[in-house]
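Below you'll find a set of structures to go through.
What follows is chain A paired twice: with chain B in the first complex and chain C in the second.
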Partner chain A sequence: MALHLNLFHEIQTTRQLQRRDPLKLSIYGLSAIAACFAGYYVFQFGRMHTINTELNRVQSQFSALEPKAKAAKKREEEINVEIKKSDLMAKRIENRFYWAPVLEQIAQSVPREVQITRLAGDLSGEGLRKCSLTVDGISAGSDPRQVAEDVRTAIAEKIGAKYKNVTSNFKTLEDGTELVVLDGKQMPTATFAINVQLTAGEDAAPPPPPRRKR
Partner chain B sequence: MAKAPSSVIGVDLGRYSLKSVLLQRKAPNRYVVTNFASRVLSEPADTAEALGRELKGLFKEMGGAAKAKACAVGVSSPEALIRIIEQPETPTHLLREALRLNGMGLLNQDCREFVLDCDKIPSTDPSMSSESGVAGHQRYLVGGLPRKNVAQIGEALDKAGAGIGIMQLGPICAFNAFEFAHEEIFNTEAFFLVDIGHTSSTVMVGVKRELILVRTIDFGGKGLIEALTGLSGEGRETVFQAMEQEDEVMVEYTRVALNGLVREIQSSIGFLEHRREETVRQLYISGGAAKSRTLLKVLSEELQLPCETWSAVSKCEALLPQSQRTAFDQNAVDLNVACGAAAEFLKGN
Partner chain C sequence: MKLGKDELQKLVLGGLLLIGVVYSYFDLLLFPLLARQEAATKSTVALGPEIDNAQAQIKKTQDLEKRAPELTLVLTQVNAMIPEGSPVAWFPTRTADFFKRQGIEKVTTRLNSETVEKELPGFRRLAWGVDLPKVDFADFGSALCILENEELLLEVNSIQIDASRDDPQTQHALLTVRNFVKQ
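The block that comes next holds the complex of A and B.
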């Protein structure tokens, strides 16, 4: 076209400037950022609300369970005490030393020429227990010392068959001053005291080896 | 990059009538008018609301075609400013700023309240580029409208729901429309355009693409009818009827009434022939009054030159509903400004 005029140019320029107005664009940008923050806030608020609800629920649950837990703990302590007592009792029962077999074997080892006047026993140690037995008596016979020796040997053999580390020693062996009638004959006597040592039970389990450090 | 629009609404925004055409570009040189509307205003729409209402009504007559379409507006206003100035070769955007800042110096008029735009007038003869003879000077067309009018029209278009494309002055639209309709004459001859409006008429003289003269004459259709009713003592309808019948007395009255216009046209022809060694062979008349055969006959006789009407839409194909065909043919002479604005917008894009 030959001639071109546009009297709208001012309005169009103004509108174009308004469209590209940095302040307006900044406001749009900031509004968008603010909207994002608001959205994030709402999201976090909702999340916090959910967490608080969960916290309240757990707290109420905890409040409901706390007395029960205390009671359970108290009960646990009581039961532990009971268990300890029971264990102790069981241990004591299990670790008992049975004197009867020992006495039976001693009785079997004593001949008719010997009279036991005193019997004392002592037990020491846990697990592997050391038993000390003192047998006092009077032996009679043509050789009362030999009779006493036979008794000592017999006791050692008899008990040694069943127990470990059995030792049998005379603490004292003396000729007696009295005479006794045996089978219609007067015979000399000897007084003796035999100390029998033996070991009963089993060794306690060794402690576990320390863990090797890397 | 935005796609160039292929259709536009050209609006002729006169003080007493509004006209519009919906022009589509189908091919580089193929234009189609798919709709048109014309609306006569009982009184000038002086507010944006009133003008917006009228524009809305106009677009409604076009079947709501204005929705989401750009508008190319041609404004005819007595307050419009049209000047041809001579300046050293200056880019138009700089000259536009210079006019805005120093209107008094360049136009001898205070233009602070005007929206101005300018364009270089193409010259076919380099030796004649400057009438003042100053070497290196170019002729520029300067057009302007009061800023409040521009804002009012912009607001009215917004209210009517149409997008703003361009706003051109009515006479320049008619000049461009003539190029669109009669390209060969526009490029090779001297041509004389007379657009008879309601209260004023515009005379445009060009030679081989170059705009030589633009003048506004305070005589229009309203003045003609008032003169005829005054001379004959008859009513408007009787005057119209007598003119249609080419009543001898009425023809004589018309001759008397057109005396002033004929004198102004003769002086403009004289101006052209004095400045350029060119002869005007024919006058091209447009506007509402140009529909009258009597008026054309009287002008031809008085000026001793053939006067004929011309229509820019004759260059376009008309794809209109059958009901609009007759009205379109009758109003074709009146649609030059609207068609020129639309064609300028489509060609400019």
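The block that comes next holds the complex of A and C.
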């Protein structure tokens, strides 16, 4: 068996030791980790760029929409005010009190034995209209007071059929001093004043109930 | 394998350097970047509903604008019904013309008072006294009926009819009417 002498064993050992140098290995390892960190950072930076681009796009979209939305809101409020005004005006027109039917019903309630000398009516209230009427007149007949009473009840019945809370009362009812000729006969007279109260229209919406205290 | 003093120093120094680099990486680079990312994402997400709201508002207003002429038709008609100019100039003439058409010649109209309509901005209400010294009750009744039906902005507030002692066929009527006019 031939004898082999390795004259470079010392050099080889030194090289082997250099290759296994922990410092060097650590530097390699750390460099790899640093590369990973840098890669991750670059990846996140790229993501950040994408997010920023999206944010800028959204912001510019919002900046363009915001003034339009504000103007639209203002315009909506203006239109709503106009609509409210229109509705209120329509309500006011529809809730008007009509006097002509009242006059017609009073005229229908008056018989030929009665002459109306004065008729006065007054209206109050906005939603629920209260109407007060005064009918002054002279009644003639064998019992002029009964004739006046018939007029009062006839007015109450006629008006009560159409309006709410109708009341018809005599303010005055007195025997007249004059005699009138009716159907060729002289008849005694009575003077009267009838007060008629009625309501028309609708009540305003009731106020909301008070909050319960805890 | 034994480490020499020099190598140990290098390792310790390397370790310290590594800790410093890692700390700096996370604290100065990565975490601020992630925080900015989160903030930007939050802002983007937060703007989403606002954009939706703005678009919805614009759409809502556009729809309302389309329906507005129909919804404010009464107001448009009312505005068209009110003549331009001072009511004192046109209302008495208009009333006199109306009663003339109904066969009542003598009419005197005067302004009594003026009320600002708080609920109806842009409008005011004028109260007028309309004096009809010689009317027949039946004719007056039918004229009043036509007036109430024709003049939608007018409402009779009070009425007074007195029989004339001299002429039993005629009466003296006095009306208080209120009508809407432009401010």
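Heads up, the rule we're going with is that the second predicted complex is superposed on the first by the 119 of 214 C-alpha atoms of A that agree within 3 Å, B and C clash if a C-alpha of one lies under 4 Å from a C-alpha of the other, contacts with A are read in each partner's own complex, and residues count from 1 in each chain.
Everything that follows uses one rule, which is that a contact is a pair of C-beta atoms (placed from the backbone, for glycine too) under 8 Å apart; a residue touches a chain by one contact, two chains touch by 3 or more.
Fair warning: this is a prediction, and the values are worked out from it, not measured in the lab.
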Touching partner for A:9 - first (chain B), second (chain C), both, neither: first
More chain A residues in contact - chain B or chain C: C
Partner chain(s) touched by A:32 [first = chain B, second = chain C, both, neither]: neither
Contacts of A:79 with chain B and chain C, given as first, second, both or neither: second
Touching partner for A:123 - first (chain B), second (chain C), both, neither: second
Chain B versus chain C as contact partner of A:98, first or second or both or neither: second
Touching partner for A:179 - first (chain B), second (chain C), both, neither: neither
In the complex with chain C, residue positions of chain A that touch it: 17, 20, 22-23, 26-27, 30, 34, 37, 40-41, 44-45, 47-48, 51-52, 54-55, 58-59, 61-62, 65-66, 68-69, 72-73, 75-76, 79-83, 85-90, 92-93, 96-101, 103-104, 107, 115-123
Touch list for chain A against partner chain B, complex: 1-12
Residues on chain B engaged by chain A in the complex (per definition of touch): 73, 75, 96, 115-119, 121-122, 141, 143-145, 147, 150-151, 154, 164-169, 172, 175-176, 179-180, 186, 209, 211, 343-344, 347-348
Contact footprint of chain A on chain C as seen in their complex: 1, 3, 7, 10-11, 14, 18, 21-22, 25, 29-30, 33-34, 36-37, 40-41, 43-44, 47-48, 50-51, 53-55, 57-58, 60-62, 64-65, 68, 71-75, 78, 119-123, 137-138, 141-142, 144-145, 148, 152-153, 155-163, 168, 180
